[in-house]
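Presented sequentially are two complexes of chain A, the first with chain B as partner and the second with chain C.
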Partner chain A sequence: MKVLVVGGGISGLFIAYELAKRGVRDVTVVEERYVGAGSTGRCATGIRASFTSEEHVVLMRESIKLWKEYSSGDLGRYGLQFIQGGYVWLARKEETVDLFKKLVSLHNSLGVPTRIIDRDELKNLVPQLNTDLIAAAMFDPTAGKSYVFTTLFALFRACRELGVKIVTGVGVRKLVARGSRIVEAVTDVGTMSADVFVIAAGSGSRELLKTVGIEVPLKNMPRHVLVTEAFQRAFDPLVIDWDTPGVPYIVQTVEGNFFVGREIEEEPEQSIYSQRIDFIPKALKPIAQLFPFLRRVRVLRYWIGYYVTTPDNHPIYGPFEEYENLYVATGFSGHGYMMGPVTGKIMAEWILDGKPSIPQAERLRPERFKRGQLIKEFAVVG
Partner chain B sequence: MGGEVVDEKRKHPVIICRCNDITLEDVERAIEQGCRDLECLRKTLRIGMGPCQGRTCIPLLMRILARRLGKRVDELPLPVVRAPIIPVPIDLFLRSVEEGDGG
Partner chain C sequence: MEIEAYEGESIAAALYAIGIDVFSYSSKLGRPRGAFCMIGKCSSCFMVVDGVPNTRTCIEPVRDGVRVERQKGLAPVPSEKTVDGSVEPEEVLETDVLIVGGGPAGLSAALELARYGLNVVIVNEHFKLGGQLVKQTHKFFGSKELFGGLRGFQIAEMLSEQLSKYDNVKVLLQSAAYGVFRGGWVGVASRNKLYRIKPRAVIVAAGATEQYLAFPGNDLPGVMGAGGAQTLMNEYGIKPGDRALVVGSGNVGLIVSYQLLQAGVKVEAILEIMPQIGGWFVHAAKVRRYGVPILTSHTIKAAWGRERVEGATIVRVDEKFQPVPGSERDIECDLVLLAIGLAPDTRLFAQAGAVMRWIPELGGPVPIRTRRLETSIPGMYVAGDASGIEEATTAMIEGRIAALAIASKFLDGERAKRVEEEMEKLLDFLWNEYRASPLLARARAGKEKATVSEEEMERLRKEHPPLVSFR
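And now, the complex of A and B:
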């Protein structure tokens, strides 16, 4: 079987890795720029299972198992690290604590051991935090982080070792269908044929699928993150300021820099090279309230990456009804990096077994939008 | 003799990126392993991502890469320049909006 994966980000590489590990001999990944050049290389690297829908919680529970397994296996030997520092969700208001309690029971019922922690425990986990502003917090001890470029580099080497061909600097411009099959991909440098085509092209997926008459409801939403200079290790968890609009967060990377992000008003499809320097103080104001030491820290730079979002903020996984050999994995709505390992597993199962081993993944097929079977969130996020 | 030369090199490595302690040897190894552009070198070595934001290392890196690829320096695509260009204290950003709030 010959498989062509379009997109050399985290999803495309994990899909290729999984297929090759399961014995597919002829796998090619084609990437328009360089590995991780799209949303993957721009992400804030957090990994968590504390979500608000059954689908996300179960998929991420499985993904975290794989992150751990891979970091101590072959990918770990090439440098992939998963640091299980947890996630802390701060409640500034008392009523948010009640919402967190409901989320904790959802997580616990699905095997994710989140719990409510009081200010004393919070102070132990994040000593620099000004806990006077906080009522309580929800702690997800299974969550963590993984530096994106070491992960990509490890995957790149492991894929190459397994015989996967990775072609960079070549864009796929259109797909060509004959009857109910996709027969080739037209690229900048000629055509590529395959038995199976997998679209994992992030923000480029929607336009590429249109070339064979498929409409997927994807929007590319610009999201911002800034990075500070590096310091010695301060605290391990990623901290989320849930009660502030735009849900700001802070995380310290393995290298010691702090990433700070916050959702600000943006238009879909706005260029990722547009200048929005107003983002910097907007993101930092609530975070510096929580972490007063930050006032003395310097900002190095900020950048923009797309959240490729679907109407229900869940990914699109699986085959299309219209074609027998076309699969898609995109629309992660900001969670593609953390879902990478489970994406590889599920997509390899769709392709090789005809059905994923995780039943919740079947609900994420592209047809759900046409049928109005959108995924329901337990709690609607801001 | 040969051994002495290697030791001499290790005692005095040529530093290309002072922010992240990246040597000429590191850069050449990355090029040998397949990096063919500045983005790849930046992302595998974290060169240009420190407090200097590439002002010291990127011109050096471009000359090394151009020589290795047999190209002119001006033929290489430059990495994107990102605000705020030089490291700016968070306090300064916050005071700008706090004063704005007051007025």
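And now, the complex of A and C:
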């Protein structure tokens, strides 16, 4: 079987990796720019299972298992690290604590051991946090982070070792269908044929799928994040300021820098090279209130990446009804990096076994939009 | 330990003067690091100043009671105690022209604009204006209008003095323009305050950074940019070492060697990788008369020492610039100065998305610009070394040209016409007289490559639509 994966981000690479590990000999990843050049390399690297939908919680519970497994396996040897530092969801208001309690019981019923923690425990976990402003917090001890560039490098090496061909600097402009089959992809340098086509092209997926008459309701939403200078390890969890509009967050990277992000109002498709001066204070003000030391910390860089969003903030997974050999994995709405391992696993299952081993993934097929079977998720951060 | 220092000295200079070589230990391998560029363009002099880590001590002035600590690897996050309450709220400023960089180009531009009554904000990273003029102790060539006969630091003083007479010029010292943003905003970070500036035009005259060379030991204290040593000697009167090895025989390498000799430093050798000396004969002859060997087809292989350079291994190179095995030689020295060229500081243009091109004659990537020095970002101009490495006199002329180009747009009627004429005169002088000198042939060739017609610029803007505009 010959598989062509369009997109050399976290999803495309994990799909190729899984397929190759399961014995598919001829896997090619074709990437328009360089590995991780799209939303992957621009993400804030958080990994969590504390979501508000069963689909997300279950898929991410599995993804975290894989992150752990991989970090001590072949990918770990090439540098992939998973640091299980947890996620802390701060409640400034009492009524938020009630919401968190409901979420905790959902998580717990699905095997994710989140719990409510008080200010003392919070202070132990995050000593630099000004807990005066906090009522309580929800702690997800299974969550963590993984440095995006070492992960990409590890995947790249492992894929190549498994015989995956990774072609960079070549864009796929269009797909060509014959009857119910996709027969080839037209690229900048000629056509590529395959038995199976997988679209994991992030912000480029919508336009590419249009070339074979498929409309997916994707919007590319610019999301902003900044990084500070590096310091010694200060605290492990990713901290989310749930009660502030735009849900600001902060996380310390493996290298010691702090990522700080916050959602600010943006138009879809706005260029990611058009930075906004108001982002930096908007992101830092609430976070510096919680972490006063940030007032003496310099910002090194600030950039924008797309959240490739769907109307229900869940990914689009699986085969299409219209074609027998076309699959998609995109629309992660800001969660593509953390879902990478489980994306690889279930997509490989779909392609090789005809269905995913995680039944919840079935509910994320592209047809759900036509049928109005949307899934609710309101814990989207950044 | 309590240290005495002169007012107006940088912390790094004050420490160097009393023999402190190691400012920090690197974050991964714990290697000692000391002074390198001395003008705020690198990260070699990071220390913890009053509890704030990663402070560039070369552009931080000494003050009574300031507490300075050596930084060992990554610092812990600043403690609550050091977080004082003196952070001021962000200020929104509107101005006619924002000038980034208070060196020869920036100051000349500011003066020109101020003279025409336009409002100007100058942003300067150092605590002093003047850029690299302040360490130029030689006399300038040329007519009186070009400051011929004056020394660089005198020109800096004169320009700053003239500028201080205008109340339509706001100078922000110890401030950095950190980015160009959607809607034509420029962010400026001062010590305890942020500014959000909306200018009608911007001139970036951010200068240059010293080029680096890869060899084992290149991060040892005592390995320094030639300009770094000049700052120590010429600006602060500090002898940078006892025995120096200079890498590069361009004018900077030759002049710094002569200045080292004047400061009482023994210059062991000047290395030149090319088969011939790079700089002018007049400068080479001067150092040779002192018995300094200029070794052509030679380069540095390694620098060694524990917490400071104790010596270097040099090697001869063949016609393909490859080391000749067996030709290595050790030279004992406590100073290795890199004088291998400068690179334009064009970071703001790259961030703003200006159309840029790599031009070796100019030292690296530079923004494409029109003759009037406007780049593909409408209303964003470039002048001085940031437009491509040349020298201080052309920097001052370019600063004035950019200023006049802007003034001709902002003024109307008769005045605009006069300004336009003045600019044309300057352009004519710059291209047809000053740059006609064979000594500037290389820079001239580079600047020709970087300069396009107004029509070509419009075409470039269509091909790469600017995401931000100041017009």
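Note that the second predicted complex is superposed on the first by the 376 of 382 C-alpha atoms of A that agree within 3 Å, B and C clash if a C-alpha of one lies under 4 Å from a C-alpha of the other, contacts with A are read in each partner's own complex, and residues count from 1 in each chain.
What we mean here is this: a residue touches a chain if its C-beta (ideal position, glycine included) is under 8 Å from a C-beta of that chain, and two chains touch if they have at least 3 such contacts.
Every value quoted in this text rests on a predicted model; they were computed, and no experiment measured them.
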| item | value |
| --- | --- |
| Partners on chain A (chain B, chain C) - clash or fit | clash |
| Which of chain B and chain C A:302 touches, first, second, both or neither | both |
| Partner chain in contact with A:153 - chain B first, chain C second, else both or neither | first |
| First, second, both or neither for A:36, with chain B first and chain C second | first |
| Partner chain(s) touched by A:275 [first = chain B, second = chain C, both, neither] | both |
| Chain B versus chain C as contact partner of A:292, first or second or both or neither | second |
| Touched partner set for A:232, first chain B, second chain C, both or neither | second |
| Touching partner for A:284 - first (chain B), second (chain C), both, neither | first |
| Comparing the two partners chain B and chain C, which touches a greater set of residues in chain A | B |
| Which superposed partner A:128 touches (first chain B, second chain C, both, neither) | second |
| Touched partner set for A:256, first chain B, second chain C, both or neither | second |
| Common interface positions of chain A, toward chain B and toward chain C | 229-230, 273, 275, 277, 280-281, 295-299, 302 |
| Residue ranges of chain A in contact with chain C within the complex | 128, 229-232, 234, 256, 271, 273-277, 280-281, 292-293, 295-299, 302 |
| Chain A contact footprint on chain C (complex, rising order) | 27, 51-54, 73-80, 82-83, 87, 90, 178-179, 181-183, 185-187, 189, 194, 196, 351, 353, 467-468 |
| Touching residues on chain B, where the partner in the complex is chain A | 37, 39-40, 43-44, 46, 49-51, 53, 80, 82-84, 87-91, 93-94, 96-97 |
| Contact set on chain A toward chain B in their complex | 33-34, 36-37, 41, 149, 152-153, 228-230, 255, 273, 275, 277, 280-282, 284-285, 288, 294-303 |
